[in-house]
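Next, two complexes with chain A in common: one pairs it with chain B, the other with chain C.
On to the complex of A and B.
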């Protein structure tokens, strides 16, 4: 039996991993939504430190903009709602369920750990093959080459998921999106300063993504954040709702499918890109994807924040009338 | 044990923790947070696998994780909208019962 020795591991790495594990436990164990959400946001920040340790700057940028930014905004926005009271469960039953869950979790973890302990230290063949083929992909950044050329079917399906989520969310809360009518001078200034800066940052991330960390996902996340801030600051044309937003979101998906057809006609393989026009095609599709993802994320945020405020306003309007009744 | 192995085991632990909580927690928003925790574990596991060996990390798992982050954000968004709808319907039902 091998003794697990931590002598090769840096103390700081161990501390960060321990902190990640503790915040993960807190995020699932705290019964109040506010506490669980805060623990989850801290968990995301600590994970970003680990992304730097495993040489993944692209993931760190995406996580900062999406995991911490947009998803954090969605969760925090959901907190102003009242947490519904949980039905009182039999205490013994709750303990039994937790015990069974812990036992099954331990078995699953043991199985996963067995697989991991047999992994070779050598990387899989796919990585070197992908790195070798980068020069034939049209772009020089390996991750962009994988996302938009070698495995662009994954990216096509991903944008399909995003479109369905945005359309579904919009359908559930179509007519009750709250509007910010009087943002006040401070928020107006924030909009003037931050929104153009974020749009510029999104454009830079998009173009830089062909040769260094960055790309459509990160740029789309930053654009989505810009649209959300613009909406919260009362910039009306930036409202990502209704038919216009839907057209922009669906355009990315349709253009990607069209690109697949062009690939089929030009090279004989669905979604294949020819080196002579691959760079132009990748940059064009990335631009459309950035707009699609950005508008879709803003649509999701608006839809998630819509109903409750309208309902609260209804209740507030009803309250005096009810109070006046004998 | 190397640093990458530590990251892999930590990722597997967080994944199992998140999946178990997703199945067992009743509150909808907390369940969504648990699902996000599980996805964090998967990402840690995949990125540690990508960084094995010397030289540049494997771009394929890194691209998968990037795709996963965007999909998870979309799932979080629609799940919050659905949770809000469910809770509102529950509230309406309570009002009718009263």
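On to the complex of A and C.
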């Protein structure tokens, strides 16, 4: 793994860092939601670029897939839904809040800058230690070794976060999720071209993850985006089926916990992987997790988008009838 | 199974049951959740025996030792807190299984599993990053649980989400600083390697702010009295008794490991103590001024959080910090047990009377004397009067204050107790019959029998534990806090 020394930081990096800061401020400062959303999406892409520049391609792919995929879809979907809250008309109050916020921000920034300047620039010795251990992990890509072997408890818990977020969101969107029945020719063509390509990309990210950047989170994010597009284009299997989708979502988590139990039974330690079957176990669990994550992310989108869609459809259906009434 | 393997059971068992509950019918989900809570309680007992026997139980997950892998460890604090979590979940789920109104919907079952797994994980975590992920799981589950209170609770849940996520971000900054400074996220190794007073002070300060937001420590408390009452009764009970304890324990752990390393810890600890003192008074006074049961109990939580952080300044000044640690832990346990009893009893009264307003509860004491008694007993434990667990905890904190020569904490401990007594009395008074009416003829919707028994059983538990506190004190002293794990 390459260590970035300060001399490696060139003008391009500085420009990207500055652009990240500017888009972040714009995303907060722009009062109109369309502008703020665009700024946020650009922010995500620039951040992905920055991750790639600091030699963290795995994080870059995840950021691009999540920020540009599911998060982007959710934000854009929210844009033309609901009236935004009326801006606070009390100007003096708004000015006071901004002033206090800016002052607190400045103090925090100064304090953090002081603390950060005291950090030594030496890289931690944990990196080399982890690299040494990779050959005993069953896979050759160090990030995958960390995520699914050394610190697989964290990964399991992160999967649980996604799973239970989907469970909660599904429970809170009380209305039926609207199915797209007549997508029209354009959307049909989009579905035929994009969905298979995304599914293929997800599969590649998954398999490549054992030896190169990629893995379950990235593949799952891409799969989630594919499912959302498929749903919006009326592809039949992607039509929401709450109960069955939940089974897919929890299956990955349950399989991971089961793997932990198998480790306990086989080696006496939770989540331990024996080198002889570590590779197979990691690939199998990553495949299940990809499906779980993909379906969970798609469910989050559908849960957020469901209610107003249905209401809008009802209004559209009612409008001519009302208009025609005497 | 060796003792070490037991450490992950309180995490994986509720997590697996929670995941299953998402796709199982209600009855099966409820049965499994109750069984998991009982099993967790048994594991807590087994772990307690192991701690008494040979000190902290350590588990290197997946067979990888730190710094490459993750260390989990159960000491006395972990054991008693896991016990509290099992009891709280058991009580809340028994009531929710008996009466669906207390649950708020099917998602209650999976989300309770996730929340229980997350808090138990925090209690055994010795790795700051793992602790962060567990806090995220807890936040997601708790916010969704609040939102189960129906459309009216949506705004409260959203506000809670914003505060909780901001708190997590502060802690994430602390985690990043820990890694940046020491090159490890393992607590013990990080404490060994940390040598910069300012950076360690910043880690403590960031944790204090983040956890204060998540625990609703004054002045970051204003989300709690909105969020906790908005949830269904069983959820309110779990949120007050259990969920805020996770962030408290993280704060304690950071103080335990990093506190001795920096001169900045003492002023920070004093600041925490002052915030705690303000919380005790402010929460107590506002609880006196509310006119809904759940709202009073929620403000009572704001006040009690003040007591839970009071050990932070005391462990720096008392000559025997163990007394302050154990006193603070016991008062936190007592709060958990009493709050489950109080919220569940309040839920039962509100269901029966059809309102949670104090002026609508008139006459309920004739029909539901045991439920009212549960509120009274729980209030006695919260106020720290004998013979309850709350008294034992408060007594030890009083000793630690005297030991540290800090008489002002003494005044606070006693004054806060008076306030607690006053708002409990106000709740009891509201259930009395109208003057001159001895018939007790008021018609009420009788709740299920379980709903009446469970709060009383918990209130009784406060007394039982108050009479035999040596059991808990033994376990807590077996592995002294700050002794490393």
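One rule holds in what follows: the second predicted complex is superposed on the first by the 293 of 326 C-alpha atoms of A that agree within 3 Å, B and C clash if a C-alpha of one lies under 4 Å from a C-alpha of the other, contacts with A are read in each partner's own complex, and residues count from 1 in each chain.
As a convention for this text, contacts are C-beta pairs under 8 Å (C-beta built on N, C-alpha and C of every residue); 3 or more make two chains touch, one makes a residue touch a chain.
As the structure is a prediction and not an experimental result, all values here were calculated from the model.
K.L.:
Putting chain B and chain C on the same copy of chain A, do they fit or clash?
P.N.:
Once chain A is superposed (C-alpha atoms), there is room for both chain B and chain C without a clash.
K.L.:
If you count the residues of chain A that each partner touches, which comes out higher, chain B or chain C?
P.N.:
Result: the larger residue contact count on chain A belongs to B.
K.L.:
Would you sort A:59 into first (chain B), second (chain C), both or neither based on which partner it touches?
P.N.:
first
K.L.:
For A:70, is the partner it touches chain B (first), chain C (second), both, or none of the two (neither)?
P.N.:
first
K.L.:
Answer with first, second, both or neither: which of chain B and chain C does A:130 touch in the superposed model?
P.N.:
In the superposed model, A:130 contacts both chain B and chain C.
K.L.:
Is A:160 contacted by the first partner chain B, the second partner chain C, both or neither?
P.N.:
second
K.L.:
Regarding the shared-chain residue A:194, is it in contact with chain B (first), chain C (second), both, or neither?
P.N.:
neither
K.L.:
Using the touch definition from the top, say if A:152 reaches chain B (first), chain C (second), both or neither.
P.N.:
Once the two structures are laid over each other on A, A:152 reaches chain C alone.
K.L.:
According to the stated criteria, A:51 is in contact with first (chain B), second (chain C), both, or neither; which is it?
P.N.:
Once the two structures are laid over each other on A, A:51 reaches chain B alone.
K.L.:
Does the superposition put A:172 against chain B (first), chain C (second), both, or neither?
P.N.:
Both: A:172 reaches chain B and chain C.
K.L.:
Using the touch definition from the top, say if A:303 reaches chain B (first), chain C (second), both or neither.
P.N.:
first
K.L.:
What does the superposition give for the shortest Cα distance from chain B to chain C, in Å?
P.N.:
Chain B and chain C, overlaid via chain A, are at closest 5 Å apart by C-alpha.
K.L.:
Can you pull the chain A residues that chain B and chain C both touch?
P.N.:
Touching chain B and chain C on chain A: residues 112, 116, 119, 124, 126, 130, 150-151, 154, 158, 161, 165, 168-169, 172.
K.L.:
Hey, which residues of chain A end up touching chain C in the complex?
P.N.:
The contact residues of chain A facing chain C are 111-112, 114-116, 118-119, 124-126, 129-130, 133, 149-154, 157-158, 160-161, 163-165, 167-172, 243, 246-247, 249-250, 253-254, 257, 260-261, 263-264, 267-273.
K.L.:
Chain A touches which residues of chain C in the complex?
P.N.:
The contact residues of chain C facing chain A are 1-2, 5, 8, 12, 15-16, 18-20, 22-23, 59-64, 67-70, 72, 105-107, 110-111, 114, 117-118, 121, 129-130, 133-134, 136-137, 140-141, 143-144, 147-148, 173, 177, 179-181, 183-184, 196, 198-199, 202.
K.L.:
Using the touch rule from the top, collect the residues of chain B that touch chain A in their complex.
P.N.:
For chain B paired with chain A, touching residues are 1-10, 12-21, 23-27, 29-30, 32-34, 36-37, 40-41, 43-44, 47-53, 56-60, 62-67, 69-78, 80-85, 87-88, 90-91.
K.L.:
Hey, which residues of chain A end up touching chain B in the complex?
P.N.:
4-6, 8-10, 13-14, 17, 20-21, 24-25, 27-29, 31, 33, 36-37, 40, 43-44, 47, 50-51, 53-56, 58-59, 62-63, 66-67, 70-71, 74-75, 77-78, 81, 83-84, 86-87, 97-98, 101-102, 104-105, 108-109, 112-113, 116, 119, 121-124, 126-127, 130-131, 142-143, 145-147, 150-151, 154-155, 158, 161-162, 165-166, 168-169, 172-173, 215, 217, 220-221, 293, 296-297, 300-301, 303-304, 307-308, 311
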